[in-house]
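A short write-up of the structure that comes next.
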Amino acid sequence: MKLTIQVNEGPYQHQASDSAYHFTKAALEKGHEVFRVFFYHDGVNNGTRLTTPPQDDRNIVARWSELAEQHDLDLVICVAAAQRRGIVDDGEAERNGKDATNIAPGFRISGLGQLIEGGIQSDRLVVFGD
Amino acid sequence: MKLTIQVNEGPYQHQASDSAYHFTKAALEKGHEVFRVFFYHDGVNNGTRLTTPPQDDRNIVARWSELAEQHDLDLVICVAAAQRRGIVDDGEAERNGKDATNIAPGFRISGLGQLIEGGIQSDRLVVFGD
Amino acid sequence: MATKKFMYVNRRAPYGTIYAWEALEVVLIGAAFEQDVSLAFVDDGVFQLMKGQDTSGIDMKNFSPTYSALGDYEVTKIYVEKESLEERGLTLDDLQHLVWEDEDDDWAEKDSIRLVSRAELAEVFAGQDVMFNF
Amino acid sequence: MATKKFMYVNRRAPYGTIYAWEALEVVLIGAAFEQDVSLAFVDDGVFQLMKGQDTSGIDMKNFSPTYSALGDYEVTKIYVEKESLEERGLTLDDLQHLVWEDEDDDWAEKDSIRLVSRAELAEVFAGQDVMFNF
Amino acid sequence: MSILHIVNKSPYERNSVERAVEYLRDGDRLLLIEDAVYAVIRGGKAASLIDGRNAAVLGPDLAARGIAEEKMIDGIEVVDYAGFVDLVEACDKTQSWL
Amino acid sequence: MSILHIVNKSPYERNSVERAVEYLRDGDRLLLIEDAVYAVIRGGKAASLIDGRNAAVLGPDLAARGIAEEKMIDGIEVVDYAGFVDLVEACDKTQSWL
């Protein structure tokens, strides 16, 4: 089965990103295809490389980046939601005159159409949120 | 009266930061003293200068920065919460080996003791959250 | 690829959280993809359609006029759950009157809102291909 | 400056959100300030004290052992609301047994948890100086 | 010492309005802000929770949500942000039912 | 077409377990994750909402919250994340009651 996963909340505050990660990992281990993971609302905050979680806790952002690298996952951050919350890549920094970027490896910023496309192209959409 | 305000949620996703802002502004206009505004949990995300909200919407981060400048407000971001969520100033960047900062003008990063001190020193603590 | 039936489920009040507004942004963008789109307003989601919203006092963008533009985006199936409305002391008169123009019927103006019971809406859900949740 | 009565009110379940854990971090830091501290567990907050939590399957930090250290931080007044416990099908036996050692009573081990009714806890709240909410 | 109980969640989604009212004692005040203002709608099931409890409600949040004065139950005090500040001052402390 | 109804909120705080159950039709499944797993506690008021509804519950979330098997009502299927994936595949679509 081909899956699109939607994540609506940021790291640590809600379990949504944890649940989505464990679900995605389990689906990949079972041989399913993950078409895309789409980060919306505060979910865009999963894509900042500036976090430094405590040593004895999981690193949510790094975990997504590693999973993306291992499985060539498409981790998409919604641009409109990212602009409101301050998640920035090189292109966004230039367009909006920002003096820094914070996007984590393996994530890319794109439009809401990527979520719609996920709904069209995938067999299932699974949403994790608050 | 001397007030400490606590903000537990980030900008845009929840109204907490808006309500806290309007409350703080009204208190200042009435001549009350705001000892401190303490940003905890996802509230630390109010302190990133990387946001670019839509032109027809309010700029929550800039609004806090301006209020701080006008009234010499003490806007404190909890360091432990900030590390989990990726809010970084120069000191944090150096300590944690980060290649960028994102803290907005008028905010400073400090410890949870600042909230306790707010509870001790102020006549009222008012908490805004989810 | 065949057209899919998309259902956007709205269960949250506006302004207290951003979900209502960012969900609407998805619907507007999604309209360009020419799928078979429906919206459902359940629980506090029915509050999104309240008439007379004035956000000037909280300095937030009033997005409620956007719902009346949905017809122009060919989003014409808007389900409002009866039980949710009644529990909140509301009737359809408290909500915006949403319409669309039917080009197959000499551009006659038709109601977009369909007041349905919980059981009826469950049946509508059963007929969908993809459920969007915010 | 006189000592203030601090009440930390916990109304959320652990793990689904971080509020429980980050609230506990405030209590631990706050202990150094030598105020008169109490904790209240109301509504889903009572779930924070459940015995036998094992977070290995969700790869999150199990912070429940920290509650048993509260006595060492001289946090000895832990109110559990009876109605919340009962509504959830729980008794005190389902919760951790939290104790503190009374140095004025030859280090006798004493119970930290005080099972109180909603009305009694409302009265305790009335006697506080500052309420902390997360 | 009196408490200003602040609730910001819809009574139709969460239990916080109900719980706050149960903790309300003589001399305390109840303030509804953000999505909690929906509790004041006449004919709504949640209205009975706050009826007769001398509740205050934040006007700007009411207006944003399209709740006109004639939709409200009687006996509710409408305040603006300045009135919110006054309520905080009038009570000895605040309790936010998050 | 069958729906996997996913709920992640405590039935004691929000209305989502209750509402999801009301939307459950023949052939649909109910999956409780995160804080929704508290609904399975025997003797808890919320247990009646899901009793006899062929509900599944995520084991790792149960264990994290200290809910031992003997505390659960009967007739609940405990699944791990792989089982969660299987449920998503077995139903035609998912509906998350956020």
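By letter and in written order, the chains are A, B, C, D, E and F; residue numbering begins at 1 in each of them.
As a convention for this text, a contact is a pair of C-beta atoms (placed from the backbone, for glycine too) under 8 Å apart; a residue touches a chain by one contact, two chains touch by 3 or more.
Only a predicted model underlies this, so the values are computations on that prediction, with no experimental measurement involved.
**Student:** Work out which chains are contact partners of both chain A and chain E.
**Tutor:** B, C, D, F
**Student:** Pick the pair with more C-beta contacts: B-D or D-E?
**Tutor:** B-D is joined by more C-beta pairs in contact.
**Student:** Relative to chain E, which chain's C-alpha centre is the most remote?
**Tutor:** In terms of C-alpha centroids, the chain at the greatest distance from chain E is A.
**Student:** What is the size of the turn, to the nearest 5°, that moves the C-alpha atoms of chain C onto the matching ones in chain D?
**Tutor:** Answer in degrees: 180, to the nearest 5.
**Student:** Based only on mean CA positions, could you tell me how far chain A sits from chain D in angstrom?
**Tutor:** That pair's centroid distance is 35 Å.
**Student:** On a C-alpha centroid basis, what's the spacing between chain C and chain E, in Å?
**Tutor:** 28
**Student:** If a residue has to touch 2 or more other chains to count, which residues of chain E qualify?
**Tutor:** Within chain E, residues 8, 12-13, 15, 34-35, 60, 80, 93-94, 96, 98 contact more than one other chain.
**Student:** Of all the residues in chain B, which ones touch at least 2 other chains?
**Tutor:** Residue numbers touching two or more other chains: 8, 12-13, 15, 22, 41, 54, 80, 84, 125, 127, 129.
**Student:** Can you tell me which residues of chain D touch two or more of the remaining chains?
**Tutor:** As it turns out, chain D has residues touching two or more other chains at 15-19, 43, 58, 60, 130-131, 133-134.
**Student:** Any two chains that touch count here, so list every such pair.
**Tutor:** Chain pairs that touch: A-B, A-C, A-D, A-F, B-C, B-D, B-E, C-E, C-F, D-E, D-F, E-F.
**Student:** Per the contact definition, I'd like the list of chain B residues that touch chain C in the complex.
**Tutor:** Residues in contact with chain C: 12-15, 18, 22, 54, 56-58.
**Student:** In the complex, go through chain C and note every residue touching chain E.
**Tutor:** 12-17, 43-44, 47, 50-58, 60, 62, 64, 87-90, 94
**Student:** For chain F, which residues count as touching chain E in their complex?
**Tutor:** 12-15
**Student:** Which residues of chain A touch chain F in their complex?
**Tutor:** Of all residues in chain A, those touching chain F are 1, 3, 8, 15-16, 19, 22-23, 25-27, 29-30, 32, 124-130.
**Student:** In the complex formed with chain D, which residues of chain F make contact?
**Tutor:** Result: residues 8-10, 12-13, 34-35, 38, 41-47, 59-61, 63-68, 71, 80 of chain F touch chain D.
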